[in-house]
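Two complexes come next, and they have one chain in common, chain A, joined by chain B in the first and chain C in the second.
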Partner chain A sequence: MTPPAVDLRLLVPELVVTATAVAVMLAGLFLPAGRQHLLRWLAAVGTLAALGTTLTAGADPTPAFAGMYVRDALTRVIQATALLAVLLAQWLSGEYVERTGLEAGEYYALMLVAALGAMLMAASSDLIMLFLGLETLSIPLYVLAAFARTDLRSQEAGLKYFLLGAFGTAFFLYGIALLFGATGSTGYRALAEHARTPAVIFQAGLALLTIGLAFKAAVVPFHFWAPDVYEGAPLPATAYMSVIAKVGAFAAFLRVYVVALAAQAGEWSTLLAAISVLTMIVGNVAALRQTSIKRLLAYSSIAHAGFILTGVVAGTPSGASAVAFYLLAYTFMTLGAFAVVLMLHRRGEEADQIADLTGVAWRAPALGGAMALFMVSLAGLPPTAGFLAKFYVFTAALDAGQIGVVVTGVLTSVVSAYYYLRVAYTMFTGQPHEDVGFAGGRWVTAALVTASAGVVVLGIFPGRVISFVQQVGQAMR
Partner chain B sequence: MSVPLEAYLALSALLFVLGTTGVLVRRNALVVFMSIELMLNAVNLTFVAFARQRLAIEGQLAVFFVVVVAAVEVVVGLAILIAIFRTRDTVDIDDVDLLRG
Partner chain C sequence: MVVEVIIFVFAALGALAGGLGVVASRLPVRNALSLLLVLGSLAVTYLLLAAQFIAVLQVIVYAGAIVVLFLFVVMLLHRQLGAMSPDRLRWQGPVAIGLSAAFLILMLLTLRFATNAAAPAPAEFGTVESVGRALFTSFALPFEVASVILLVGIIAAVVIGRPASRPVAAPPRSSAPSPVGAPRR
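On to the complex of A and B.
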């Protein structure tokens, strides 16, 4: 027996991220309390290096590690998105971590490991690899949710996330086991071959796998944990998990459904279409009556999972490109909205109520303008990234004949405009609270500026980004 | 005499359903956690049974990964439970209910 060829050069982005995580954690142990801020620089430099190696890595499909791993255009685009998310999340955590005295070394290391998990999910070409990536993503997020470990709400968020996440993992694994039984292999290729004549056990396995992924992506009816977890976790951890978990889960949806099971699109698209419609309705309607901005953004993230899923439902290469574009736009606008909230504090606590934003725009016009921009983008109005993202996924779904899904998407977008624009409206009216002050610093400002620039550039000059994400679709043809 | 594949699959399906029921009805976080472990072991049994039937090594390989990941989950889960027990003296999930909406 010859050992399988191992080409570590393909893994350079992942190795850089891993090395950075280890270096940050070790440096966090040895740096004196006054110099812990250096960890941010270390994490940022490592992440930028990984981003550079991802973008310069080749996009020709290259399988490795006995067919468990593949580096292709989808890998490159999703990995770049994941690294961008972790970079922005590190920046917007900067002052918060210092102010609240969280252990910076462990905090940044966990963030990087979660990003590594999402990167591996994007590069998986085997269900076992997908499972390992999913857990590498999820387990650090459980810890991040509970990171303020003496805070009762953070503990509770961690416990709920952990128990329900592990519950979802069990379904996911049972799905893999049944698929293995039906096909005799855990590779995606075997999946594609056996999908033509699906046995009952194959369909049951696929259904369980989908339930597991739906848990992680917070898709209705498996979304109920998300609002509680998002509300209880420390604010920057909430921001990060709302983005990175989506990136990883939708990378998996693309890999399993759009790539491996492309030939059977007609059979599974009805199921996913139903889930997508439910998710858009429940997420947007439940968001209407929220008073906490964290809960509002939690339901918003559920609603956006529904919108992104419409691109998967399309099942076409252009649908896959649209999903990749949406994930990028979602990263900028959601992290931007969280950055605005992180710029404020209420008596040293998180200013996490919508009422805390009252009149803030008159004290800080730039902050008000930025929030208005992110809210307009989240609502999907032109000329922002959110508009184009929705436009592309809906167009792809229309081309695939999914008219019902698109009509629901457009109608629920109108509903979402109400609660998003209410947040912006609150910032521009009324008297500011005396308790609410500014807590910004250089790092969170950098995140805010980058996210604003991202939303505007993707909305107005999307040319280069679109040709970047279209590699995903072209690779599938 | 050999036990047929169906018997293994039926047993593992039963264990999985028992675990799911445990997660849904039990209120002690530790017992919920044990129920999840039961679900994972039901999955392992399925993997091994199929690996034997198909003579494919991947099924047995998968079990190792599942065991390792389950161990990692135990570490994180127990750490969270201990943090909660230290501040509240309970791990009953009905008492851990600050977040509602």
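On to the complex of A and C.
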């Protein structure tokens, strides 16, 4: 047995992220308390370097590392999205981490490792790598949810997320075991070969694998943990986990279903279509009654998981491109909405109730305008990124003949406009609370400006971004 | 062949009994010891499947290290833990048993249709050498990623276990100082 070719140049983005995480953690131990803000620069520089190497790295569709890892166009696009998410989330956290006295070194290191997990999931070409990527993504998120250790709600969020996440992982592993039993291999290629004559055990394995991924993506009926965890976790951690977990999980959906099992789309698309319809309905309807902005955005993230899933249901290369575009748009608009909430505080606490936003727009018009922009985008109205993202996934699903899914998607989008625009409306009406003050800073402002620019550019001048994400679809043809 | 079946039946019954003990007992010490029974029985099953190295690892790592760690924690925190409080959600137990039974039946039905697709394992399967070869050739990258996960686990334990360095509006904590770790700043 000869050792496989180890070409570390393929792994440069992952290595840069890992090295940055370790460097930030070590620097956090040695920097004195007054100079911890230097960590943000270190983390930002490392993330930008990784982003640069991802974008410039070549795309090669042949798996490397003995069939474990592939760096193709899908890898590049999803990794760029994950790195953008972690960069914006670092900026969002800047002042919050300082204000609340969280340990900055470990905090940024865990964020970066979670991004590494999502990157590895996107680059996996073997179920073992997918599983390890999933764990690399999940474990830091469990800790980030519990990061405010002195806060009981944060502890509860961390424990809940950990237990339910471990439960989901067990299903995922059981699925891998059954698939291994059916195919005698864990590679996606073996999966594709055996899918032509599927045995019952193969389908059962695939179903269990889907359950595990659906847990991570917070898709109905595996979403029960999401609102409680999102509500209890520290605000910037909530923002980050709502984005990065989706990026990783949908990268896996694309890899397993749209790439490996493309030929059997007729068999699995019905199952995913049912989950997608259920998710859109439950997420959007449950969001109507929320009074906490964190819970509202939690249900919003569930609803968006349903919308993104419609692109997977399409099962076509254009569907995969649409999913990649949606993930990018979702990153900008969700992190932007969280950035607005992070700019405020209620007597030093998080201003996490929708009522806290009352009339804020008249004291800070720019903040009100930004929130209105993000809410319009989340609701999917033109001329924003959210509209185009929905347009592309629904078009892809229509082309694949999934009319029922698209009709549900459009109808639930209308429902969602009500609760999103209610938030924007609250900001522009009534008297501001005396307790609510501004807690802005340079870093969170930078995140807010970047997210707003992203939403506008993706909505109005999407040309270059679209040709970037269309690499995904072209690579599959 | 007959000997193998007999050994398997005993190991399987032991694993089942241990699993029931983990779930059903209300004393943390009994839970941990039942887990030991599960892990030991599984090690025997691995031996029957010709995976000697995995069986040894199972005994050393899980039974030797992890269960002992559980027992340490249970003994150290004995006063706080004691017996667990009764369930407040009474309907939860029966529903859980019903759902588990449904899942079990579903999986059994699935496995009944399983055909022996995979080739029988080669003779050197499960030896230390073949596992080591696999780890350092085909599974080199997963092996490295697993090391990152272990690093995260360590960071996680430190982050969660460390006493609060600055009590930021913290609720009053128990007065006993933690024996390990110290405020960093």
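By our rule, the second predicted complex is superposed on the first by the 476 of 477 C-alpha atoms of A that agree within 3 Å, B and C clash if a C-alpha of one lies under 4 Å from a C-alpha of the other, contacts with A are read in each partner's own complex, and residues count from 1 in each chain.
By definition in this document, a contact is a pair of C-beta atoms (placed from the backbone, for glycine too) under 8 Å apart; a residue touches a chain by one contact, two chains touch by 3 or more.
As the structure is a prediction and not an experimental result, all values here were calculated from the model.
Chemist: Output check: A:Gly184 vs chain B and chain C. Expected answer is one of first, second, both, neither. What do you get?
Modeler: both
Chemist: Taking the superposition as given, does A:Leu173 touch the first partner, chain B, the second, chain C, both, or neither?
Modeler: first
Chemist: In the overlay, answer first, second, both or neither for which of chain B and chain C A:Val282 touches.
Modeler: Neither partner.
Chemist: Look at A:Ala33 in the shared chain and tell me whether it touches chain B only, chain C only, both, or neither; answer first, second, both or neither.
Modeler: Touch partner of A:Ala33: chain C, not chain B.
Chemist: Using the superposition described at the top, determine whether chain B or chain C touches more residues of chain A.
Modeler: C
Chemist: For A:Ala146 in the superposed arrangement: first (chain B), second (chain C), both or neither?
Modeler: A:Ala146 sits against chain B and chain C alike.
Chemist: Can A:Ala397 be said to touch chain B (first), chain C (second), both, or neither?
Modeler: In the superposition, A:Ala397 touches no partner, neither chain B nor chain C.
Chemist: Pick one for A:Ala329: touches chain B only (first), chain C only (second), both, or neither.
Modeler: neither
Chemist: Considering only the touch criterion stated at the top, classify A:Pro227 as touching first (chain B), second (chain C), both, or neither.
Modeler: first
Chemist: With both complexes superposed on chain A, which partner does A:Ile128 reach: first (chain B), second (chain C), both or neither?
Modeler: A:Ile128 sits against chain B and chain C alike.
Chemist: By the touch definition above, which chain A residues appear in both interfaces, chain B in one complex and chain C in the other?
Modeler: Touching chain B in the first complex and chain C in the second, residues 128, 132, 135, 139, 142-143, 146, 149-150, 152, 158, 178, 181, 184 of chain A appear in both lists.
Chemist: Applying the document's contact rule, which stretches of chain C touch chain A when the two form their complex?
Modeler: 106-107, 110-111, 113-115, 117-119, 133, 136-142, 145-146, 148-149, 151-153, 155-156, 158-160, 162, 164-171, 184-185
Chemist: Using the touch rule from the top, collect the residues of chain A that touch chain B in their complex.
Modeler: Per the touch definition, chain A meets chain B at residues 128, 131-132, 135, 139, 142-143, 146, 149-150, 152-153, 155-160, 162-163, 166-167, 169-170, 173-174, 176-178, 180-181, 184-186, 227-228, 231-232, 290, 292, 295.
Chemist: Taking the touch rule as given, give the residues of chain B at its contact with chain A in the complex, in rising order.
Modeler: 9, 16, 19-20, 23, 29, 32-33, 36, 39-40, 42-43, 46-47, 49-50, 53-54, 56, 58-59, 61-62, 65-66, 69, 72-73, 76-77, 79-81, 83-84, 87-88, 93, 96-101
Chemist: For chain A, which residues are in contact with chain C within the complex?
Modeler: It comes out as residues 1-4, 6, 18, 22, 25, 29, 33, 65-69, 100-101, 103, 106, 109-110, 113, 116, 120, 126, 128-129, 132-133, 135-136, 139-140, 142-143, 146-147, 149-150, 152, 158, 178, 181-184, 194, 199-201, 204, 348.
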